[in-house]
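You will see subunit A twice below: alongside subunit B first, and alongside subunit C after that.
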Partner chain A sequence: MQGIEIKNLSYTYSKKTPYEKLALDDVSLSINEGDFIGILGHTGSGKSTLILHINALIKAQTGSVKVMDIDLTQKRPKPDLKRLRTEVGMVFQYPEHQLFDDTIEKDIGFGPKNLKLPADEIKQRVRESMELVGLDYNDFKDRSPFDLSGGQKRRVAIAGVIAMRPKILILDEPTAGLDPEGKEHILTLITRLKAEISPTVIVISHDIDEITRFATRLIVFNKAKIAFDIPMTELFKHEKELVAMGLEVPLAVRVARSLRSKGIELEGNITTPHDLENAVVDYYNKKHFDDKLNSPTNSVSITSNIKNNASGENLSIAYSDNSSATPNDNTISEKEVLR
Partner chain B sequence: MRDIAFGQYYPTGSPIHRLDPRAKLIFSLLYMIFIFFAKSYLVYLTIFTFIAVTTLISRVPFRAVLKSIKVVLILLIFTGMLNLFMYRDGNVLAEWWIFRITDKGIDFSIKIMLRLAFLIIGTSMLTFTTTPTEMTDGIEWLLTPLKYIKVPVHDIALTMSTALRLIPSLMEETDKIIMAQKARGAAFDTGKIHERAKSMIPILIPLFVSALRRADELADALDARCYNATPHRTKMKKLSFSYRDAIAFLVLAALICFIMVDAYHFITPDTSIASGLDYYLVEWIKSLIAK
Partner chain C sequence: MEAIKLESVTLEYKSHNNGIVRAVDNVSLSVNAGEFIALVGHNGSGKSTLAKLLNGLLIPRLGDVQIYGVSTRDKAKIFEIRKNIGMVFQNPDNQMIASIVEDDIAFGPENLGIEREEIIRRVEWALTKVNMLEHRKSTPFKMSGGQKQRLAIAGILAVKPSIIVFDESTAMLDPEGRREVLAVAHELNKNENITVILITHYMDEAINADRVIVMSRGRIVTDGTPERVFAQKDMLESLHLSLPLPTSIAYNLSKSGLDISENILSESQLEEALCKVLK
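Up next is the complex of A and B:
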């Protein structure tokens, strides 16, 4: 087996004290090799506790956890944690807070060094990891990680994890606290890492628009339980549940709903901005085609520009109709649509 | 890391929790002083009852209270042993090299261990029932007289409360850093001693960096809110003494009186190892048997 198998896992923090808190309540889950999973949930819904179990950073209280062929809950013989940690890479929230060495090269090499790899292999891995995250090896290797910008520090920290060459990569809120540009960088990086290093990727985020952009499977946590576990394409079916849990509905889903309620018959399942863009273009192409039938002398050009930047504000659909004297720019902004 | 019982607030909302923190501080201080005057076993028994009843009223589980002694158990045993073997007075029961066990030595070491145990339980009772904020408010009030000799009492109190406030955050941070470095294959519990010391570097450096960052942010936040702009700051929560504090004081005063009367009123002959009321109790039992 190459994936992760979790059965009936429960976990309580600070047992038998007034601060007792149930973090996981009988959670079962199986993750296959090649999955690209987004985990969504409120603070304290149990998502972080779950991923800590996958790397054996906390011991399971009840239930079982199996990662690849390593059974983390068996007592004897003890599970091979060292191998586990080379297979599962973990990028914590604000990973740049764990940087410690005086040069970037040494910091990234910390993991491989712990694996007791030969020196040239370590160097090779550091170089590759740095190129992957977009930091020039010769330029950066001797600089102190503390002199970098926030986004660069985070990339160094991620390079430190991928230098272990993990088969499974877990990231906890990888874009938290970054500016839009830094976020874009990290999101592109994650997609690239999945293609080149770690076939299985799990990303925790509270930003559903971020998750819908790349993850193919969505797991939503609510009150220590899995609320639902669905392919991303079925997300639009669960809009009401998300709202009931107080979670955000993806922008594209909201916009599609509003457009439909205004009589614009979009077709297909819309989850991502890309889906929405296609549906809108299809719709206007069709409309254009119908218009042409009605008044074949007019030419209509449609431009659709849907951009979902990290702040999620800039989403506009514009089409212009050359038939009128002044171009009839019709821009539907998110705010208008949602009214 | 998170299971350090000593000094942890244990919320139950009991009458003890609702006592005025200043009263609790003074009472604890008095208790700590007068516990060292305790002489006879009868008094120790009374103090024990006093602590047990206080614990019952506070609704802090006995398990949590006992845990606070566990931390200093080794110190307790060490002190007991030292007194047991080194005490010179009294009838010698056994002797070897510089060690000597006497009847008075046994008596004394039992008492010193009891005293220390009571001291720790009593003070942890204070921390179990008082939040750090209340505690610093209380300390600030106690230090008020120093204001007249230009001691920045309020700043001291603020420093104390920020320090207390940062402890749990830093512990959490430490936990996280340890986990992150473990995830990168770091091992903290294997290897020779200098290797282990070296393995602490990846934890300590990020921890210091984050402590300094937090301190910086806090200082900026204080400045941004014009901390120290007015000379006379008012309190959000005003402390006030109530009838509860008076009752608690009376109980404590009775205990102290009992300790002092036992220690200084009931003089016992030097020849007896029983001291204070114990002597009279023993004599009385002896006379009963004689009859």
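Up next is the complex of A and C:
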């Protein structure tokens, strides 16, 4: 098994004290190799406690946690935590606070060095990790990590984690506190790391509009339990639940719902701004086409080419109509010029 | 009345290899009392340096900064300036000093030597303003980020400033905390007539400001109403700044040929425009 298997996991902080707090309540979850997961939930909903279990930073109180073939809850023989932490890369919140060495090369090389890898292998990994996060090796290797901008520091910290070549990468609020450009860098980086280093990626975020952009599976935590675990494309079905939990609903979902409630039946699953834009353009063209149908030109098939700027691709939409009122061979193809 | 005035202000920092970075480059700016200003720009654009110049934490190398006509160079009056202009920073944890909420809020007025009765009145008023009065006897350490940040604001309010600078005060908060802090900022601006300078990365937070100022490389690139500033998409993009989400959707649709105004800032404006064009 290459994924993560969690069964009936419960965890209580400060047990048997007045501050006792149930953080995870009988949570079961399986994560497969290749999953791109976004985890959403309020502060204190249990999401961080869950990922701490995956890296064995806290031990399960009840239930079981298995990461790849390592059973973290087994007593004897003890689970190989060193291997676990090589396989699971953890990028904590504000990872730049964990930078410590006086040069970037030494900081990133710290993990591989502890694995007792040969010196040239360490150097190779540092170089590759730096190139991956977009920092030129020769320019940056001898500089102090503390002289960098916030976004650059964060990339150095991430490079330190991926220098271990983890199979599973977990990031807790990876874009918090960054400016829009820094955010873009990190989001692009995460997608790239998934393709090149870590096939399984789990991202915790507060920003639903951000999660919908990359993750394909969404897990929502509420009050120590998993509220739902769905493919991202089904997000729009759960709008009411998100609102009830006090969580943000993506803007596109809200707008689409509001338009539908006013009789504008946009088609398809709308989660991202891009989905919304496409659905609106489709709807507009279709309406235009219907207007044409009722007009004396009797066009049956219109291929409209709309330059879609959101994606930069040409979006071709072909409508064919089976209405018997119009002869089938009378096919007119025309390039729709909107407006 | 002019609350803040910057005249050709320039300030440099030393960079890592002993080079010189001009963080604020010949900036002139005038802010009237009661304005709500959003100051945006990417990291290193000079906006936080500008904030620190306002209350004399930094003194310009060239030019002059005046708060209600008093220059920050005037050492004898620096406390008067700092009383007048409060700062809320990014990390709420760095701004708490006492273990009980009301002690924390009282710290400012205590230092000004204000008498006890007045301090009590101010603490109560300040906590009411940020909706935290019920927590007056609690400890701030176990509170949410949004609550802590509102306490930081209350601590500043107790000094009765006429200007508050929010230096990325929402950057570390979750969406709920962001909403809380933003609501307090607007409330104080509207009902207490406090001049607000809101420094932010979130363009969505700028749409309700009276004025949006965009900084890049230490200079003010543009300064105007949100409608005017966010209409300049190409300029913002060249500065690696994003548009507010509704604006960007409207823009893309308009590029696709839909007859939709580009002057859209809020979600409700977007909905309205879409209804019109699709109905």
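To be clear about the criterion, the second predicted complex is superposed on the first by the 286 of 339 C-alpha atoms of A that agree within 3 Å, B and C clash if a C-alpha of one lies under 4 Å from a C-alpha of the other, contacts with A are read in each partner's own complex, and residues count from 1 in each chain.
Going forward, a contact is a pair of C-beta atoms (placed from the backbone, for glycine too) under 8 Å apart; a residue touches a chain by one contact, two chains touch by 3 or more.
Just so we're clear, the structure is a prediction, and the values are computed from it rather than from any experiment.
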Contacts of A:M164 with subunit B and subunit C, given as first, second, both or neither: first
Of subunit B and subunit C, the chain that contacts the larger number of subunit A residues: C
First, second, both or neither for A:G38, with subunit B first and subunit C second: neither
Subunit B versus subunit C as contact partner of A:R143, first or second or both or neither: second
Subunit B versus subunit C as contact partner of A:F100, first or second or both or neither: first
First (subunit B), second (subunit C), both or neither touched by A:K287: second
Which of subunit B and subunit C A:M90 touches, first, second, both or neither: first
Shared contact residues on subunit A - subunit B and subunit C: none
Touching residues (chain side subunit B, partner subunit A) in the complex: 2-3, 10-12, 63-64, 173, 176-177, 179-187, 201-203, 205-206, 209-210
Complex contact set, residues of subunit A against subunit C: 42-43, 143-144, 147, 149-151, 176-182, 184, 206-207, 209, 246-248, 251-252, 254-255, 258-259, 262, 264, 273, 276-277, 280-281, 283-284, 287, 306-310, 337-339
Residue numbers on subunit C that touch subunit A, as the complex places them: 15-16, 42-44, 90, 144-145, 168, 171-172, 174-176, 201, 203, 240-242, 245-246, 248-249, 252-253, 255-259, 267, 270-271, 274-275, 277-279
Contacting residues of subunit A [partner subunit B, same complex]: 14, 16-18, 52, 55, 57, 82, 85-86, 88-90, 92, 95, 97-101, 110-111, 114-115, 146, 160-161, 164
